[in-house]
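Next up is a structure, given as structure tokens.
All chains are identified by letter, namely A, B, C, D and E, in their written order; residue positions are counted from 1 within each chain.
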């Protein structure tokens, strides 16, 4: 026990009690991933700026990446349970690469949109409205 | 050091680690800050000598050696200006971000065999990646200043740094390929021996690519003739036009820190790292097993070696700066895209083929059998023979702190086997 | 100070990862730190109106995530995240600044109704995701020290189609696990395509419909006329050396 | 490379070069320079290439087969007996050498009567179809005639190409055709068709050369038809003019009549003999064996190349007898075949198959009648003058009309004396009719056209009376001077912008070159020369014809009319040709407006004139040592035709005297003198009437008013055909149309009406019941779509929201439904 | 027409477009040579329009001249082109002398040549050094100033001032040279000559310098003439005009007997009187490099002239002569005279009503005309080219604003 956590009951609900002294597990990462993912989705849903939407996409991908890495991590692996091994990391790598490519393409779309509509407000991008 | 604190002093472990980390951080911080002061002074003197003048002469008694410090104090005392219409938060944060990036990159930079903040197995990659973040502060500064000149400067900086990361990466990959590791310590260790074992002299391609690296490094840290971001004749002062006082000095420190960093990186990657041109220690019979004191002494010498090489690199940049006119932005881009990148790519391919043709190296003459080198990836941590000796017969070291106390997990180590950890050196 | 925190955080990560369970778990502390930064900045991205600030927060969030990767032992992925993701976002930022430096674009406001709606939907999504996250056997004790220090080599070998990482206990042997040579090649080609596309985007091309004034001007003999002939700084920079 | 492979290659390339040009102009014509100006260069380059290749072939031929003087001894034509067999050229060469070395042995070897086999090479490039006994192929049959005709055709075509590139200059820009009156009173304004002209010209050359090189009758027929279609293109070049399109159609249709006969001939040959190849060719399927060609079937070598009804024809004609024998010997097929073979001789002597052979010959000749504008199908040729003048020159001198004569010449060995008599008579009639019409024609081109018809009649007649060499000789020389004459007339028309000779006169002063060259042409065509010394080309060829005709009439006194036709024709020819020349060039200008504006043609037109005039002079000469066209032709003389041929069938006893007999002194001198006298008389009369004006042409016309109008109306041939063919056809057509309209259409209308009623009822059901159902569905869908459309806002953010809501809903749903599964 | 425009290679369009931006370059900017204000209309890095704004240094010099006697105005001419004040003095003095029909002594004439050419060297040194500064290299600036300081030392010895000399004046010069001055001057020239090679190495032939200047801001001879450009700017475009040779007789008479070749590219080459570096392949006549190079050649040319004038001056035995009285009356009438100053043709015009004080004074500034061409040269260039172009024009705001 250490100074910081000494005062806390060790039998409290795991989420808070073990935060400082309990080892970090996959679930921790998943929570982070979920928050990133949700932030990204909300960002996409909220931002009228096309660049904001792009950033939301990046966040979503990043949230997914966190999950991949968590599942593949040798440190977070539970006893005797299987993990993704390197596969998770590799998939995360590919996601990163493709996200970069996606950013380039999306930027190209945005720029064309800007050239045509003189704005980056995606609410103006309703040419295909039914 | 942590062990020392835990075992000898009896401090709680978390405190011991904290102290160790803080010490390491402080050391690096001092290297940067102190180094910046020295380099600024040196630059003044060198520039003055190049330009047929004297430079600072009075402050500090002789040679004006305290001039930088005096200036620093003056900067501390200056009013911290922020333009109206600036984005306050970003304006304030930008210099720190720049400085942090520059500083963070030092973490993975080895000064001698075990003198490394954190030995990372992707050290090279880490350094380059983090160094690339420095530009981020510059961009934010340029944007947040609400000045058109600043904006121009930051745009240029962004474009330039992003572009130059490509050839820079290619240059860096060559030593990585030769060493078979991204670990900076491993790369430097592989170049131990005589002058000829430096990667600079490994083959013609590495020799060429070293100069490409120099060009790209100069460009990526925004030094003349690539200092477009702060081109004073065009953009007043570029991204830091609106900065004053301490914030401005942070940019300055970041710049000098980066200069030193890329020079040190060049030394580690191409110039043998802490290995001198002549293996004095080996000739004297000093080796790993000679004893802790001697070992430590050898490493200190190595550290001096590296600092000397890095300083020489910095001086080279200064020399260039005070000699050449500035390129135009499109010419900078041309240099990067039309010259550096293709040359680097070609040299990379060349070095690869050279490795294929002369696996043992030509200049080095007698060297390890090809098989050993080809199977290099099996060594090192995480390889098939994980934990069974990264360099030679040495156990894999996961250094714990900048002071260089590697913690070596053995195969037998388990959750409870903390006590089994062997203390190195 | 962020400076010192960062300074201490990063060197500790690898070290603490290797540490067995102990009193105060630095691993947890650092995890909390990075996770907090990542999450807070992600939320800040949502809340910020200014696109440059959004980008700034995004970069912080991504960098913190990279820290999480380091903590998780995925050092290569973390470095990649720093280099590519943060670099990519940097470009995003550049364009954002370039395109939206004008006041009207800096903040395009979203209506309150949208905000509330998005918040509700987001909360629902978060709830679902968290529920799923907690279902993953919570707080399982990891076996940290039992694993070898991570290295980039197996990843590289896997990308070349050879799997050298040890299979997890009980998993099928290494020979069965497939490499990633094909995806690697596909991604390379993909990136090449994107590169070409970017070059195409930034390339110079002839003007199609000249304005009358430019027709007049071009006959007088100026080299390049005003707006139509313009190069943005980014394209000028990216394409390099038009002269 | 030996001759057998060189010649087909060279001539084949020469043949294909215009095709290349045609294809090139077809696809890229309009893009060749301004308004396709360079198409002329492409076409000309192609034909020049052909000319070059032909000349090369000619040179090679001469090297291999030196032309020597024909010995006029009684042993017959002693042309070098190079047995032609391209399939074993080596063997053939050795055989030829042997023949050369030992001439005396030759007679024994090739049978009695010194029948000589001409040097010829044949073979196939490509077999189109092979099945049963039929083998259709693209092949070649090359002998001296082929080579010579190649040179002649390509040379004249070259001249005409060059000439046309100047003449057709108007087509390089937009053309206003003053001869086409539009309904609004204006004139037709159309873009120029320069490339199209040369495109057709190239195709024409290709087709013509195809006929020349063809190795079998099927191929001949293909290119025969191609020539026809090309002539249709070219004559109808100004197709907006009614006269031009009518003329083109007329030429085409009239030719079809002849081609119908030719088809019959082809069928007779193929049905009876199973082959259309001229020469021996590899048998179908059997390796190494040769199947005999037409020539060797009709004139088998074992019988000394004497004409006989081929076995196949005999069997075909006596099919009942053959089947009877086959029935009798059904069990022993071998014996049956032997018996048939043994009895063929008997059957042949009984006359089986003669009709067949006659029909085949006459049929083939029918095609020639059409193509070479013989009586009664000559009516198209004068109308064909509606085409541009270079076309007239090309069609009427060297190519199209020559094709008929050429084919008769080529097919000559198969023709029996009866057929030859038909040919001769037809030729004579044509010769006379055309010449008389030419006497009174006033259109310069029409005069030339009728003159052409007349000269073709000459040639046919010459062939018919056994003058194989004479006819073809005249063909070649005529090609030169007639194209010259046409080009000259084109030059005149170009200068005067009119065809009417009555408006011309005195042009010699302003157009000296044209006048001079035209004079050369006129002199050539009338066969002018100093008797027995030297003359223009026509002198030699006409003499030969006259001599052969004389020889024939001596042999067959009942047909001596043929000689008088020839002699009279010579007189008429001289008259109308010089009438033409005098009216055009001599005297005082009749129309000063025209004369003032007349001018010499550009060099590009004059140079071909001069070149052709030189050839018109020298083409008939025989150089010391024997080199000359006539001797060259002798090389190609078909085997067995050098001998006198006697036969008795339809027209009683006929003797076709051997041609060398006509060279005998008596005949020759008589003929020459006759020719000279008649020609001189013609010229004199023309001069008297049109130069010196001693006799007034008007007076003559009024005195012989009925004859004059009869001639001026071209013997009322057009009216005759109109009455005989066109009117009845119209009547039948109107009857058919009436039936169609009155009976069939009524019936069909009735059916249609009832169908409509039925359909109306059906439509009502469809509209009200079926459509109502469908429309109701559609309306419902439409309304649903309209409602759903509101969801399609185009707002990205809402979509994201939808996705999220959907996902969450799915999760909630899934977790409720499959809680157990998920929990695990 | 449309076809023609489509094929016009000079017109470039990009997919990425940004908005235009108005940027103020100056009046406080490191590379605008004083208080020039350039308003740039930029589109990204491209400058679509440049508009110079002047007048920040206006001091009513001409109006003052109408309230002072001719000699009293001399110090004000100092403050026009303060980098070549001697040449300014000379111009005004000659203009007044032209109206007065005054003939200076032979000795004064040669001394005037000596001083004027030294002043030209000094001015060009600043131009050269500052141009390097404009292109981002600092060291040549100091090298140039090091030598200029030596010239200023000599001037100080001669007249007592280092910047505003008022040495040459109406009717001659205020004083004769001190003894030993010529010796020092020759020493300076001998020492200075090899240093020019250094300049060539540092700037003229430097690859980056060439890249930055060659083919940049190309000014056609017609354009130069239309805008009234003069001096090295005009000669850099290949127009063969030099007032010392082509000017009015009262001015050219000063250079009678002096051998010099106008520094201009003729028939594809510059004068070959000395060893000069070759013209780089990229450079086209009329670009920044040529303007710069002409200045470098004129330094050498002036050195030759100084050497000649030293010989002639020492050979003159007669008296220097006294300048006219301070209150000397000027005959009624007007006079205009242009002289070849380092920056270009500097013209002075005065109208006199017969009194000592001119009725009207007017100065025609060469830099003014040279600056006017900026907007033509800078259209479509990059921002970095603006200092390069403006620097190559070598303007002095004191002369423009007066």
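Note that in this section a contact is a pair of C-beta atoms (placed from the backbone, for glycine too) under 8 Å apart; a residue touches a chain by one contact, two chains touch by 3 or more.
Predicted, not measured: the structure shown is a model, and the values here were computed from it.
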Between A-D and B-C, more C-beta pairs in contact link B-C
From the centre of chain E, which other chain's Cα mean sits the farthest off?
D
With centres defined as CA means, the chain nearest the overall centre is C
Going by C-alpha centroids, which chain is farthest from chain C? Tell me that one.
D
How many Å are there between the centre of chain A and the centre of chain B, using C-alpha atoms for each centre?
31
Indicate the whole-number Å distance between the mean C-alpha point of chain A and the mean C-alpha point of chain C.
10
State, to the nearest whole Å, the distance from the C-alpha centre of chain B to the C-alpha centre of chain D.
93
Could you work out how far the Cα centre of chain C sits from that of chain D, in whole Å?
82
Among the residues of chain B, pick out those that touch two or more other chains and give their numbers.
12, 14, 152, 155-156, 329-331
So chain C residues touching two or more other chains come to 21, 23-24, 76, 80, 87, 91, 98-99, 101, 114, 118, 121-122, 125, 132, 143-144, 148, 150, 154, 165, 201, 233-234, 236-237, 242-243
Multi-chain contact sites of chain A, meaning residues that touch two or more partners:
2-3, 41, 45-48, 111, 114
Which bits of chain A are touching chain D when the two form their complex?
41, 44-48, 53, 122-123, 125-130
Flag every residue of chain C that touches chain D in the complex, lowest number first.
114, 117-118, 121-122, 124-125, 128, 131-132, 135
For the complex, give me every residue of chain D touching chain C.
797, 801, 804-805, 807-808, 811-812, 815, 822-823
Residues on chain A engaged by chain C in the complex (per definition of touch)
1-5, 14, 18-43, 45-49, 51-52, 54-56, 58-59, 62, 65-66, 69-70, 72-83, 85-87, 89-90, 92-94, 96-101, 103-105, 107-108, 110-111, 114, 119-121
Spell out the part of chain E that touches chain B in their complex, as residue ranges.
21, 23, 29-31, 44-45, 132-139, 142-143, 146, 202-203, 206, 208-209, 211-212, 382-387
